[in-house]
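Listed below are the structures to be examined.
In the two complexes that follow, subunit A is the common piece, with subunit B as its partner first and subunit C second.
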Partner chain A sequence: MKTPSYERVIEMPYSFRSKLWLKLKSLGRRIWLARTSYLMVAPFVICFVIFILLPVLGAIGLSFTFYNMIEPPRYVGLLNYVYLFTEDDVFMTHVLPNTFTFAVIVGPGGYLLSFLLAWLLAQLPGKIRTFLSLAWYTPSMAAAVAMSAIWLVVFSGDRVGYLNSFLLGLGVIDEPINWVHSVEWLMPVMIVVTLWSSMGVGFLAMMAGVLNVDSQLYEAAKIDGIRNRFQEIIYITIPSVKPQMLFGAVMAIVNTLQAGSIGVTLSGQNPTPQYAGQLVLNHIDDFAFQRYEMGYAAAISVVLLIIVYLSSKLAWALFGSRGDE
Partner chain B sequence: MKLQMDKTQIVLTIILGLLAIFMLLPIVFIFMQAFKPLSELFLYPPRFYVMNPTLQNFTQLLVSVDVAVVPVVRYIFNSILTSSITVVVVVIVSTMVAYALSKHNFIGKNTILDVTIMALMFAPQAVLIPRYIIIQRLGIIDTYLAHILPFVAAPVSVFLFKQFVDQVPDDLLASARIDGASEWHILFNIILPICRPAVSTIALLTFQATWNTLEPSIYYIENEAMRTLPFFLGTLTSGLANNVAGQGAAAAAGLLLFLPNLIFFLIMQSRVIQTMAYSGLK
Partner chain C sequence: MGRQLRRLIIVAIIGLVWYLGIGVPSLASVPYPSFSFDAWGQRVVAPAPYEPIRLIDGYDIMQEDPWSLTGFSIVPLSQPQGLAVDSQDHLYIADTGNNRIVQYDQDFNFVRTIGDSSGKGRLSRPRGVFVDQDGLIYVADTGNSRVAVFSEDGEFVKDYGRPGSQVFGSQYRFAPISVAVDRRGTLYVATEGGYRGLVQISPLGQFMGFLGGNKAGFDLLWLLKQWFFTEEQLSREARRLPGSPGSVVIDDKGLVYTATISTNHAQIKRFNLGGINTLPEKDYGDPFFRAGTSMFTGIAVDSQGLITTVDANTGQIFQYTPNGDLLFVFGGRGLTQIERLGVINQAAGIAIRYDGLLLVSDLRSNNVHVFQPTEFATLVHQAVHLFEDGRYSESAVYWSEVLRRNANYDLAQRGLGMAAYQNEDYHEAIKYFELAQDAAGYSDAFWWVRRAWLLENLSNVIIVVVIIWVLHFLVQRLWLGKRPKYKRDWYQVNRLLGDLMYSFKVITKPVDGFYDIRWGKKGSILAAWIIIFLAFATKIFTLYYTSLIFMSVDRNRINLVEQALTFVLPWLIWVVAHYLISSLKAGEGRFRDVFIGSAYAMVPYIIIMIPLTIISNLLTGYEATVYTFFQNVSILWCGLLFFIMVFTIHNYEIWEAIPTCILSVLMMVVISALGGLVIGLTFNVTEFATALYKEVIYRVF
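Moving on, here comes the complex of A and B:
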């Protein structure tokens, strides 16, 4: 029997509504049942949103404006980005090349170094290993501020400076070098100081990873015809330690980024002498807190965030497991 | 495990040992400088070792009211207060979220997990401006909250702790639930004791981060009496090129700043290394 059309009209929305209602109800029930879980994640999520997510979104938003902290932000479209890439000579000729040199040596360079050291350490017996790893980790705990008092006298530009005095004594140099105020030496000093303090959490993680590789794997590999240590690293160690290596890589990226103010700390001025040690972070600081061009500074930070994001993508592509998703 | 060392191991130990000594030189130098009397600080040619160790620099640091309006003890007090509160808060917040993310199932869990892992590489320095604006709007400029709240959400701590909780067998939790234990009871009486190495590790990492940070003191604090030790040290060293007398005090402050990091790490190092084994990202 055919149902009269008016009944259908009423019935359809009703059943639809009730289905939606049921769905909502079950969703609500699931959320209610998981209320403890939500309570547990709430403090983290709230703080995360306020102090990490909003600042990132805020930087993106501000980057499209002119904002000097006095007048309200004024929308200027892509102007900041256009200026950054076409007219900011300091950015293109100093900041970007400096950052590239610094980041490539300190990032991947420091990372390879810490993997190599972690692997070498894992070859040694326990007591010696613990002692040496402590010795290498210690510098990473010394904050840039705590060390600034030390670097200042070590790299002091006159004869009284410890490094100058030492090298003069050895006869390597004839006259004192003004380490942190000279254009050619500031960057090498920054790199050495940063590498010195880069054996941090990532290094410990990789060492723990190398130590945890199942020794049966090595024995099986020997039977399968692996001849030397180099092959062992390539075919056994690296595949087994991949997850720790990825964590180490992510930590290396963060450390490189955070070390970005070392040039200013060492030379005691922003901008650094003739922009020799100027990195992206200093450039942001310079525009934000000395010239109060917040919108422009935000545009630079967005570019920085994109660079960091892309480098992490690269790290995931190299070390991430392709198994899941 | 071989206990006897072969030739390559001995050679390796010597090379790595020399490298370690080289790495430790600047650290040893902090100690040397801090205990040098004025005459040795400005000796020519400069000498690495201290001949007549003295506490002169520390007393000078304590009475150096003329350098700053606020006595140095106040900076130290602020540092200890803010970093210890931050450590406790971060540990509680991170363990809660890590436990929920590891052992519970709820809508939105995967999103939180993905975003947290992406935020592992978050560096606040990159977004200081919006962070400053937000902190200003919250009205916590010049309060201790500005030293603490920005650090509460710590993705690295959450991640490390979650990896550790993943190792706790589900059966153990299930049997506790059958016995009528609440989720909070499980978290505080089962998970936390089992994961003590991870708790130590995130406590240590958080302590190092907050104890050393300059960020709040420079950007979110305008009242000198609310600033912390790293900031004070910064003011000491920034004028050093012209002000020779401050060098001893700066070296002493540098040592004071570094020492707690070292002591805590030495106490907790075995637990830290244990935690790091589970740090893998897949």
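Moving on, here comes the complex of A and C:
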């Protein structure tokens, strides 16, 4: 069968309207020609639209309204956004600075730790590697259990808490610090615990990537004059695992910005003491499910979405391949 | 013409009269300097807050003396220490050397001495005295290890000896040096070497506990000693004991104030009923003046809660607001042994009268100085009084009066700022806070200004941003989408421009970038000089244009030469030191490579700090993390680049690079020390030469 050459048709000198019509027509034709492919992607596309795209668009729509789940939404324009950045003192003075601090330490920190651990584990022989990677991966799955079993005991506020007892013994402090309820210590504790449990999916992906690097590349590089492990990482490992690293970076960003329960779990209070550990997600939770101000909560979610989007862009710029390389 | 002249003359006469009449006398008559401190802890000269008016030396004290012909003899003060004032402004002096308490009335006429010659009322080296609101006189009878109580007329009533409680301990010394009593009759006793804090004794003489013991603090050396020393060695070490309060006083509200000697931190404390210190724990006193630790031997509180304390180390008198902010410092130990009114040789006790007169006892000169607040101090006190009550706008009147007398008084600027803030005039508040260099106040006021701006313009900003974004998206995708991305090669435009633009390659791909500096003919000395100049310019830019909230140095005291010496010079020394070390350690980099590489490693500082400095003016203190984060990123990035440069251009193993870096830093220290030595010696030689030359000229001709 001879394929019709639709490119030629477009280039013919027609008036604008007929040109558009022809363009649409050719598009329809192309879709029809690729119908099996469209059928193949249909299940995903339909699920994506129903479960992700529509809710997101719905949230964006809601963010321009006042909606309390009882009355129908009332359009208020950009008022929610203006309110968020001007009237909402808690958001501006606690939530935003907290989230920033938390994200810039836990995000890059957890990411670097993941990569380093993945690389280190990849150097180990098989059996031990499997065991250790499982051990490192466990915290990210069993965080809630571990929280009460380990961290709440370590950071217990009385003098028998492990950390307090240790520091008192050294003489660094002279009275026990109430780690998870004090304004200045809650955030550091949250960061430590989150870093500990940050070896998640990104870590596994990176380890798979590091393990899958063709060993011939290392041999070839050695012949070409690479002298040490550092050069190996820079010239072979990182370029080879770039896709996995990008995945890990995006996962790290999303996970960090979506972390919310950690402060509440640690301190056992909602909101956290004097908003010391309040993150954006806590704030959304507060407005959506405690005050039922859905429109406002939607506006905060949209701001969070924009932040995640911009951070992912940054990750792409840093780790995405630029075609020419 | 004639009219103008006449007007000029009138103005001149008025000016002269004002100058002679108001400007001079209050400044000229005091024999000591007075200061306030600005926001950076630097001294600022201030008008004298207090002037000395008289001296009490006790030559009017007639004491019964059976050996004298008249039956009386004059016994002047000897080592006066603690001072107290009662509700009628009578003054009580603990005359330690004469084992007695001396009472003066409000006009400084001698009234009586307290302390019997024998019996239970006999005092032994009393160091402190206190008068409660009923007129009972409590004496810290140091030599007898008790607190003795006398009636209003000087009759011995009772005494409180060493507490017998088990908790008090049998080894702990009880030698009262200062005492204060609250309305319920509870005694707060400061004892000699009392490291556990004030001893609280109930009116019935029962021990009620210790109040506000100081902390020994964490000492790494001591910790290491504990680990490595044997029991025997440890027992030979001096025990680490926390400082003990040396003086105690109580105010009308029942708050207990203490002053601690032999420490430079949290010397003055104010305890509430729960025994918690409500003053900020900071360094009080004047660090520029004292030698060794400060010795706050006396403390006094007036009815407004202003805290006045005296440092025996320097002889200076400090006055603090109820918040612990310094109002002024004045006085100072005499440089000569000559006695002079107002010059305190060894300060001991201090007291303040209800009418504002300040009394300071001088242990060595055996007298008590009386100071009177000047007009300036009175204005400040009134302003502070209103200010502490939160009546900022009322205090503003006084603050502006204060400013007229002392334009450099930061506290007044701050007060006016707070007043404007309270009146919601945030632009005005910002102006004053900027003058006072008060970062916290500035941040708060700016928050409101920014908020008002956002409230007005945020919707428009959002709409504009969304429109631009959509347009950008459309243009990118539909119009430019098909074009290949065009990357300009700056080397083809100009060699120098190419070298400068090459820095972007270096900072993003440092390993390749530095490699091409060494082996690929990239980079040039001229470009390196330009980058270093830009980095220095960036440094200056940040100093002048960073928001006050994030400033760590005083903008008014920036010295360009000093900045150049602390910024460019260390960099140059690094280049030289590192080149020397690397050539010893078989590095392959040439001097040119080290120089260019070190310059390129500074580029992240330039490209981060310039935008950050501009953005800092849009941030408040709440967003401080944003600022510190990017600041740290720039420093870490530069540090990383320096490190990568070291092992790339010298073709080192990564483990070889670390000792080279450490040695280079040590070499920097050596070079700077040598440089300092050479400069010093050269200076001496030139001085010698000029002196010789002058001498010869003088003798010969």
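The criterion applied here is as follows: the second predicted complex is superposed on the first by the 249 of 325 C-alpha atoms of A that agree within 3 Å, B and C clash if a C-alpha of one lies under 4 Å from a C-alpha of the other, contacts with A are read in each partner's own complex, and residues count from 1 in each chain.
Just so we're on the same page, contacts are C-beta pairs under 8 Å (C-beta built on N, C-alpha and C of every residue); 3 or more make two chains touch, one makes a residue touch a chain.
Just so we're clear, the structure is a prediction, and the values are computed from it rather than from any experiment.
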Requested in this report: Quick one: classify A:Thr86 as touching subunit B (first), subunit C (second), both or neither.
Outcome: second
Touching partner for A:Ile253 - first (subunit B), second (subunit C), both, neither: first
Inset, instruction - Answer with first, second, both or neither: which of subunit B and subunit C does A:Val192 touch in the superposed model? - result: neither
Considering only touches as defined above, state whether A:Ile306 meets subunit B (first), subunit C (second), both or neither. neither
Next item on the list: Once the structures are superposed on A, label A:Gly209 by its partner contacts, choosing first (subunit B), second (subunit C), both or neither.
Entry: first
For this session: State whether A:Val201 touches subunit B only (first), subunit C only (second), both chains, or neither.
Result: first
Have a look at where A:Gly77 lands relative to subunit B and subunit C in the superposition and call it first, second, both or neither.
second
Larger residue footprint on subunit A, choosing between subunit B and subunit C, goes to B
Requested in this report: Check the residue A:Val153 against both partner chains and state whether it touches subunit B (first), subunit C (second), both, or neither.
Outcome: first
Interface with subunit C, subunit A side, in the complex: residues 77-78, 81-82, 85-86, 92-94, 96-97, 100-101, 104, 170-174, 227-231, 234-235
Seen from subunit B, its contact residues with subunit A in the complex are 1-3, 5, 8-9, 12-13, 16-17, 19-21, 23-24, 26-27, 29-30, 33, 42, 44-46, 48, 93-94, 96-97, 99-101, 104-107, 109, 112, 115-116, 118-131, 133-134, 138, 149-150, 152-153, 155-156, 158, 182-184, 187, 205, 208, 211-212, 214, 219, 230, 233-234, 236-238, 240-241, 247, 250-251, 253-255, 257-258, 261-262, 265-266, 269-270, 272-274, 276-277, 279-282
Given the complex, residues on subunit A that touch subunit B span 27, 30-31, 34, 36-38, 40-41, 43-45, 47-48, 50-59, 62, 117, 120-121, 123-126, 128, 130-139, 141-150, 152-154, 159-162, 165, 169, 196, 199, 201, 204-205, 207-209, 211-212, 241-244, 246-247, 250-251, 253-254, 257-258, 260-261, 268, 281, 284-285, 288-289, 294, 297-298, 301, 304-305, 308-309, 312, 319-321, 323-324
Listed in rising order, the residues of subunit C that touch subunit A in the complex are 215-216, 218, 222-223, 226, 451, 454-455, 458-459, 462-463, 511, 622-626, 629, 653-654
